[in-house]
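Next, two complexes with chain A in common: one pairs it with chain B, the other with chain C.
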Partner chain A sequence: MRCRKCSAKAIIRLPRHNTAFCPPCFSEYVTDQVQRAIKGDRMFGHAEGVAVAVSGGKDSLVLWEILSRLGYRTLGLHIDLGIGEYSRISQRKVEVFASARNLPFVVHSLRENHGAGITEIAEGVHRPPCSACGVIKRYNMNVIALQHGMPVLATGHNLDDEASRLLGNVLHWQDDYLDKQSPVLPNSHPKLVRKVKPLYRLAEREIAAWAVLQKIDYIVDECPNSVGSKMFVYKDALNRLEDAAPGTKHQFYFQFLDRQKARAQVSPIEPDLRECVSCGQPSTAEICSYCKLVGTLQREAEPALKVLK
Partner chain B sequence: MKILLHHPPREAALKGPKKVLQVLRELEILPDTVLVIRGEELIAEDEIVNDSDTIEVRPVISGG
Partner chain C sequence: MRCRKCSAKAIIRLPRHNTAFCPPCFSEYVTDQVQRAIKGDRMFGHAEGVAVAVSGGKDSLVLWEILSRLGYRTLGLHIDLGIGEYSRISQRKVEVFASARNLPFVVHSLRENHGAGITEIAEGVHRPPCSACGVIKRYNMNVIALQHGMPVLATGHNLDDEASRLLGNVLHWQDDYLDKQSPVLPNSHPKLVRKVKPLYRLAEREIAAWAVLQKIDYIVDECPNSVGSKMFVYKDALNRLEDAAPGTKHQFYFQFLDRQKARAQVSPIEPDLRECVSCGQPSTAEICSYCKLVGTLQREAEPALKVLK
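So, the complex of A and B:
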């Protein structure tokens, strides 16, 4: 197999683009896709600070590496979820990565700050761990990024993440979520960061391959709480479709984005935001999801757990 | 050949030589869901894996 660009020996085939690349041409392709996302979707400029949500996994470390190589001012944000050995290894990957590159980062430990890890918190509020984790991460990432003067929060969501999320939202016709599923969520309130997904043009396998080629040491193990997650079921379904018809995931997600843009031009979506009566953070409801979760925890799990805030 | 698999960590063995793609098909793994690594090097799906080789089949799918 030869590189379609330079005819050197290829190390990766990209069936969805009907192409194959050698290491240097593949690296250029990956960086180009990220730059295209940042510039094409007007995600951020060089004058802005970008907080990067880093878990220690391949996507977030690749994102951080590319943004710093492109000269953006970044701050890594790592949330220690308090899931035993898995969380210890994840944080270590972030620390080693950051220290080798002299990149600044902040760690927010659920156990240190809130008295419990995500597993106990999820059990305490009777919610699936991924659901409680999402609420806590979104809230804390936003607050911490703004505390550090970062107006933008970049996450490592890739094409597979977005296509599988889209599939889940379509299967359940979750219109509210469909409206918000975009590579860029503007800061529609002064207390909100702009949320961006610069890896949305790249498949999960492309990102992992780039990490291996660049010798980025990431955690390969999956979060123990994600076992049985619906997201894996959706990804598996899409991967089977992709194997039979390369390009399916790309078409599914990108055609959705085209339709979403067309709809937004006809009737722009203006979120109806107010400030949470409990914490003052922006919310579409009187009490934000985070404070509802904390309230449930206080009612149902105290005194076994310390109060979250 | 020795094959190192993840989730859960385990080993498998197949007779070589075989192309990477053939190895994955025999293991019933979709090529788009993994990387195949020999030593520290990523190897392409048309690469031959010999009987004496050890390869890692590393999943690329995460919970998102």
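So, the complex of A and C:
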């Protein structure tokens, strides 16, 4: 197998693009796709600071690496979820990565802020862990990024993440979620960051291959709370469809984006935001999801959590 | 496992409805679902004749059986595709079924009408077999049904067929096909039958179980030309999603139908039909798909087919 660009020995085949690359040309392809996302979708410019949500997994560390190499001013944001060994290893990967490159980062610890890890918090508020985790992460990432003067928050979501999320939304015809699924969510309120997904043009296996080639040391394990997650079922279904017809994921997600763009030109979607009466952060409800969650936690679970401490 | 209706020993579990049935209650459930489709979607009444497209497979024979039992006046339409042993067995199943019940049926043979079976015809017109077969079946079923005074054509498409077709249309965002995907297609022209799918509320395994319980003898083999069909890939993906979350197929298809109904009330979709200049049948183009196919066949493939005869 030869590289389609320079004819050197190829190390990766990309069936959906009907091509194959040697290591240098593959690396160029990966960086090009990220640049194309940033510039083509007007995600951010070099004058803006970009907060990068880093879990310690391959996607977020690859994203941070590429943004740094491209000369963007970045700040790593890591949420310590307090899930025992998994969280300790995750944070260690982030610390080693950042110190080797002299990159700044902030850690927000759930145990320090709520006296408990995400598993106990989710139990305390009677919600599935991934649901509670999503609310807490979204809220804190936004607040911390803005506190550090970063108007943009970049996450490591890749093509597989976006296509499987789209499949889940389509299987349940969730119009609200479909409307909001985009690689760029503009900041619809001064207290909100712009949210961007610069890896959305790259498949999961492309990112994993690049991480290995660049010797990026990341946590391979998935979050223990994600076992049995619907997302894995959707990814598995899409992988089977992709094997049968390479390009299925790409076509499914990119054609969806084209339709969204066409629709947005006809009737742009403006969320109806006000400020949470409890914390002042933007919300569509009187009390934001985060304050509701923390309220339930304090009301119902505090005694139990204090025992846990 | 007990029947949820009468507490007798259950023989089938229906996870998507969170229930289980004994043979008589299951049979009642199956018939009820078909009646609900016919009446709820205003498919046809007892005064109208219904042509039933019968391949000899489980779905079409189950459909024919239920419509006869419910007292509808039916006419079986079988297309002999001329695929060797497969077609001979299929037709034999239809003949045995019909004569045991004294039901009328018509056979349209491709070899008699075109001098060749569907495999050679598809090769002759350089099209995939399923594509050529679809054009030929749709055209002839419509013409033959109306020739016999039947204003309605019922096909055996089940929930799995419709959900997997929907998945294929959504993966490629085929708006034209999405708009037309419905269990009832009204006749938008006097020369067109109304097309209905009375089994759309029943899953494939429910129909197969009912066929076995009623001792309906059907051809189990799939059409040899359908090997590697995308439909099987979509069905497999949906079966995996269904295993992980029972009810996924049902919800996916039924919520889609609810959306279609809501949209149709806002802007009803009227096809722009004229009559084919060659055969006079309704078509969106100057020459209909069938006449184009037959034209190519006569022009390009006739000499070869004559040799085959």
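Just so we're on the same page, the second predicted complex is superposed on the first by the 305 of 309 C-alpha atoms of A that agree within 3 Å, B and C clash if a C-alpha of one lies under 4 Å from a C-alpha of the other, contacts with A are read in each partner's own complex, and residues count from 1 in each chain.
Going forward, a residue touches a chain if its C-beta (ideal position, glycine included) is under 8 Å from a C-beta of that chain, and two chains touch if they have at least 3 such contacts.
In this text, all values refer to a predicted model and were calculated from it rather than measured experimentally.
Undergrad: Which holds for A:65: it touches chain B only (first), chain C only (second), both, or neither?
TA: In the superposition, A:65 contacts neither chain B nor chain C.
Undergrad: Between chain B (first) and chain C (second), which, if any, makes contact with A:235: first, second, both or neither?
TA: A:235 sits against chain B, while chain C stays out of touch.
Undergrad: Let me test your reading of the model: by the given contact rule, A:161 touches which partner, first (chain B), second (chain C), both or neither?
TA: It touches chain B, and chain C stays clear.
Undergrad: By residue count, which of the two partners contacts chain A more extensively, chain B or chain C?
TA: B
Undergrad: I'd like to know which partner A:10 touches here: chain B for first, chain C for second, both or neither.
TA: Once the two structures are laid over each other on A, A:10 reaches chain B alone.
Undergrad: Looking at A:209 after the superposition, I want to know if it touches chain B, chain C, both of them or none. Which is it: first, second, both, neither?
TA: first
Undergrad: Once the complexes are superposed, what residues of chain A are shared between the chain B interface and the chain C interface?
TA: 240
Undergrad: For chain A, which residues are in contact with chain B within the complex?
TA: 1, 9-13, 15, 20, 57-59, 130, 157, 160-161, 164-165, 203-205, 207-209, 212-213, 215, 220-223, 226, 229, 231-232, 235, 239-240, 242-243
Undergrad: Within the complex, which stretch of chain C touches chain A?
TA: Its residues touching chain A are 170-173, 230, 233-234, 236-238, 240-241, 244-245, 248, 251-252, 255-256, 259.
Undergrad: Sort out for me which residues of chain B touch chain A in the complex.
TA: Going by the criterion above, the answer is residues 6-7, 30-35, 37, 40, 42-46, 58-64.
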